[in-house]
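Report on the following structure.
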Amino acid sequence: MDFSLSILVLVIPFVMFLLLGLVGMKMSHKVAGWLGTVAMGVTTVIAYGIAFTYFFGTGQGQIAEGVRQQIVACDYTWLAITDTLIIKLGVLLDPISAMMLIVITTVSFLVHLYSIGYMHGEVGFQRFYAYLSLFTMSMLGLVVATNIFQMYIFWELVGVSSYLLIGFYYTTPAAVSASKKAFIVTRFADLGFLIGILILSYYAQTFDFLQLTGEPTSVIQSAGGATFLGGSVMAWALALIFMGGAGKSAMFPLHIWLPDAMEGPTPVSALIHAATMVVAGVFLVARMFPLYLQETAVLELITIIGIVTAFYAASVAMVQSDIKRVLAFSTISQIAFMITALGVARPEYHEGVGYMASMFHLFTHAMFKACLFLGAGAIIHAVHSNEYTAMGGLRKYMPITNITFLISCLAISGIPPFSGFFSKDEILVAAYHNSAFYGIALSVIAGMTAFYMFRLYYLIFWGEERDYGDHKPHEAPAVMTIPLIILAAVTVVAGFIPFGHYVTWNREAFDIHIDWTVAGTSIAIALVGIVLATVLYRKPSAVPTRMADSCRWLWRAAYKRFYMDELYMFVTHKIIFALICKPIAWFDRHIIDGTMDAFAHVTHYASSKIKGLQSGLVQNYVTVYFIGAILLAIVTWLCVI
Amino acid sequence: MESLGSIILYVIVALSIIVFSILAVTTRRILRAATYLLFVLFATAAVYFMIGYQFLGAMQIAVYAGGILVLFVFAILLTSKPGKQAEQLTAHRRHLGLLAAVAGVAACGFALVTFNRFCGLAMPEATPLDMEKIGTMLLGTGKYQYLLPFEAVSVLLLACIIGGIVVARRDKDNDKK
Amino acid sequence: MIFDNILIYFVLVPLLTLGCLALSRTTKQIRAITVTAGTLLMILATWLTVGYLQQRAAGATEEMLYTGSWLWFEPLNIHLALGVDGISVVMLVLSSIIVFAGVFASWEMPREYFLWFFLLSIGVFGFFISIDLFTMFMFYEVALIPMYLLIGVWGSGRKEYSAMKLTLMLMGGSAFLMLGILGIYYHSSADGNLTMNLVEIARNNSIPHDWQLLLFPLTFVGFGVLGAMFPFHTWSPDGHASAPTAVSMLHAGVLMKLGGYGCFRVAIYLMPWAATELAWIFLILTGISVVYGAFSACVQTDLKYINAYSSVSHCGLVLFAILMLNTTAMTGAILQMLSHGLMTALFFALIGMIYGRTHTRDIREMGGLMKIIPFLGACYVIAGLASLGLPGLSGFVAEMTIFVGSFAHSDTFHRVLTILACTSIVITAVYILRVVGKLLYGPVQDKHHLELTDAKWWERLSAITLIVAVVSIGFFPNFWSDIIKESMSVIVNVIPQ
Amino acid sequence: MFGCGVYGFITRKNMIAILISLELMLNAVDINFAVFNRYLFPGQFEGMIFTIFAIAIAAAETALAIAIIVNIYRVAKNIDIRDLNKMKF
């Protein structure tokens, strides 16, 4: 089946965006909602068709001598900057982009379905669906990009649509500042990304992925060993590109925007902050992986950042009170897992198991994290508050959400039958291969993940009963629970997909075999975490509060996200605004304006002085005249001799 | 050397000119200034006589001392109540004036001194100068004769007279006020 | 004779409108005349572009098309030489769109206002179509004078002060310019018959090096003052803040582009050697003005000041790119002129409309307008995103071309400055979102803002024309960048590498 | 004499005093003419003719000046030079 159909995947959401955006206001909520969902359904079907024909279809040289080919479905030159650097818009199909197609479209479709129920009765309902389709379009565009510039274009579009979605409830100032913060932080990271692209384009003289990743060694040589402040220029370019990815995937220094992005409606968090946008950074590194392999120093950097972020996020998640914040931090730590997996992946160990593991984890994580978020959305929808203090003992009232939530928690903490175990185990295998330290660190963090997930689970569904007053929390309506059930089912099944056959770094098939020693330790640690959580939080007991008081300082710091936000706020507001912008504005207003006004003033003063001379007194004139005459005489006399 | 007498006479005349002109300028009362001016005019006439230009001296006395001074006196009487005009000067103006005067005198003096070609030159012999010669000179059109300036001056004087009358005519409406 | 050349109509149409306006009485007539004038100009521009493209397609290779020159002043050999190449076509299209939108943005204005408005447009159109140095300078002056009156009479706030300041500073600039032009004229050709024609001067290329070193700064600063270069930009915030909507639209949209166009057409095209020598000084200046404008926009409280400072920053970027002296960067500069012109015009139109309703431009007093005036709010967000550099809108295309082009210089001095300029996209994001956040989102601060009426049909029309232009450049940039690149390569190969 | 004339012209307040100092200056010039003519060019009489004309013109001038002064007096009731600054800028 030829792939010309694939461009449709991009066009339909875009058309939906225009339709809903311009005409949306006229439509009723119902019509707009279902229209959006149906369109997304069609896109999902097409995407599935493409992915399956790509993976399973024969013919058209899909699998030439074991290497799965990269097919460029269509290419339309968008802007020819110079004869070599041409920006094209097109669709590139290869294992990771096909896999991402499936992930994005499924999650987006389910979120569309879910938000019909969740957003029921919200003002600006159609606008929400317009932004959702814009987001899906840009995410799909990003994934299927043929050249790095097209990826940058859709990268920015993703940033803007996340800004619009986070700031959906624009009447509340918190949402406005959160969306502004999200956009500016990602924009700052995009600056790094842009500079990385520019350096790359200057040295490699091309944007196209095929050329870049085709023969990476020649690209590195083309840099001619130019160095810049120590590291080779290419290393700098790749590090900067990773910085762009880190910003989008909320890695350590640039993660502050993700927890605040929870201001947006929960379906948005489910779609953007669980499954798709945050994963863009991982996808970028995966896409440029052959180049990264040339610069191992950058990979080390990536691993370190990954581990630091994972540990940081896990520790903070353990003390958060808002359930969505907990899930946000758990997303950050899971993404950090994937980044570390990519960081540690080396072709010589086990044919790059890290690369395959991170992609697999990406796939499974998208599923169960979306399920968790949607579950949390259902709970908030029922209880109308984000804080777990207002919840407790919900398992009686919301049985379906309870089960799906439990399944996803088990998956995320890496318990065998569920998909989380397989993907996380692969990551641990890759980490151990690279160096024991990374392995141990990751398993400890995995344990912490298990602990805080189950802490969350027990606090919501077990714990003592809150008096819910007259209106009892009821089970979410059907349209919200169906996606939950689907996602839970997928998390259970996904573990058994032979992922290795499809997605590997050099696109050769390779079968996974569980390395039981590593798997054993990880399961053990996870179980310890779960047991600890059950002991502390199953029954309402004073133990956790007493523990918190014991290390009051640490607990407060963790709760306050180690004061990162305050640091950023300090930097931006105090330093940039107060010390740079205001003085510049003052400088401009007074010094430069001052000089211009000074010219005017000087001329005015001089003219008033001259005016004084015409005093009207005849005698003044005579004296001046006379003295002038004498001076003239003297001068002529001087000249004469 | 010329006769001692003429030198003495010259000194007297020069001194009188200087003294009287200073007095004329610095007196308080305007009438006294006019009289000093009269003495200065007479002294100049004496100078002219000394150098032998009798016609010129006569002219000077007749026109200047006679005509102009009388005009002055009339003007003074017309415009200022006698005895009131005590003048006081602002220091600033005085210094300025003094400075200008001294600078002027110094410049002219210096110029005179440098052209010392003729000082100490004896009085050359007096060429006969009679009225007939002056008359032809004024009215002739030859090389050194000045008919044109003569006519010009006459026209000027006519204009002056008419001007004077017009300006000083008593204004009709002014009186009614 | 003169009337067969299409270019002359660009000047004739506004002249005709002046005539009819003089006769018209009621506002209905005035509106009719101005609207027809606007549409006529738009048609002319599109017809010119189509004709130009056909000629280029038919293989017309010489640099200037539609040329024609009529002797004007024998002794100084000054001709009314007209001619247009890719870049001036783009500029003419830009100015006609903005004039069209400007007409709709100043709907309630009296007759005299439009008289001066169209005189201003004559100056602008004349400037872009003329190739003769002197005629260019003359049209430049024609464009300056109405500015004073328009701001002084119909402006707001400290209008006299800023009108005076604006005109004086621009006059100062044009004084430098006059020196430069005369210098060029006297060195225009080695064999004695001096000429004012740009193309011939460039062909003779006879200006001696030491003279070039003197004349280049003069002309560059002369045009730079109009292009809001760093030390001379202070007229722009005051001038724009107190100008009426359509005037600041036309001024920021087109007149500042006059500066950029002049810099590149006169300063660099005629004195390439000096351009390469002295580029680094002006690079620093324009580099500063990019970051400087952006930073100072972050703390302004008056809407128009924010937009004025952002124009300083964007025009600084234009000059910055021109000084890179390679085809990509300069094409990027022209694209940036085009896109920035449209964006600022859109911004000023919207600010004018908001000011017309809330009678305050202080963002601290306004808030939550999105719900009350959704159409204007949405347009404002689009304009913000465009100036932010969102892909799919024109800002992105221009900035990317500029950055790729300026990255072509591999020495660290250029590299550092380019990275400095790149940071401006972040700062632009900061102040745009700050304004959008304060103005449109958040709770409504002022009670009587609640019953504001949304945009009227003519306001919608002017906003939509500009948005359509911005989006069309954003979606199909290749169309414009090819036109510009062809005529740019002619100019770039004059520059010694 | 010329010096006193200049000094008087500048410092005096009364217009007539100014006129007097003016006369002084004119006479000083006439003397110079006459004396120079007498000593340097005994033959010709330019100096003398010049002085004659000078005297004539001085007479005319003084007449006019007096007329003006009288008129001013009639208008301004005093002839103090400092009040006459109507012609200021």
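We just call them A, B, C and D in the order they show up, numbering each chain from 1.
Please note the rule applied: contacts are C-beta pairs under 8 Å (C-beta built on N, C-alpha and C of every residue); 3 or more make two chains touch, one makes a residue touch a chain.
Quantities reported herein were computed from a predicted structural model and do not represent experimental measurements.
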{"item": "Between the pairs A-D and A-B, the one where more C-beta pairs touch", "value": "A-D"}
{"item": "Separation of mean Cα positions, chain D and chain A [Å, integer]", "value": "100"}
{"item": "Mean-CA-position distance for chain B and chain A (Å)", "value": "106"}
{"item": "Inter-chain centre distance, chain A versus chain C - centres from mean C-alpha coordinates, in Å", "value": "37"}
{"item": "Inter-chain centre distance, chain C versus chain D - centres from mean C-alpha coordinates, in Å", "value": "69"}
{"item": "Contacts with 2+ other chains: residues of chain A", "value": "619, 623, 626"}
{"item": "Shared-contact residues (touching 2 or more other chains) in chain B", "value": "93, 96-97, 100, 104"}
{"item": "Where chain C touches two or more other chains at once, by residue number", "value": "none"}
{"item": "Chain-to-chain touches, reported pairwise for every pair that qualifies", "value": "A-B, A-C, A-D, B-D"}
{"item": "Chain B to chain A touching residues, read off their complex", "value": "93, 96-97, 100, 103-104, 107, 111"}
{"item": "Contacting residues of chain A [partner chain D, same complex]", "value": "611, 614-619, 622-623, 626"}
{"item": "Partner chain B, residues of chain D touching it in the complex", "value": "1-14, 16-17, 19-21, 23-24, 27, 30-31, 34-35, 38-40, 42-46, 48-49, 51-53, 55-64, 66-71, 73-74, 79"}
{"item": "In the complex with chain A, residue positions of chain C that touch it", "value": "165, 168-169, 231, 233-235, 237-238, 292, 295-296, 298-300, 327-328, 368, 370-371, 374, 385, 389-392, 396-397, 400-401, 403-405, 407-408, 410, 418-419, 422-423, 425-426, 429-430, 433-434, 437, 440-443, 477-478, 481-482"}
{"item": "Residues of chain D touching chain A in the complex", "value": "6, 9-11, 81-82, 84-89"}
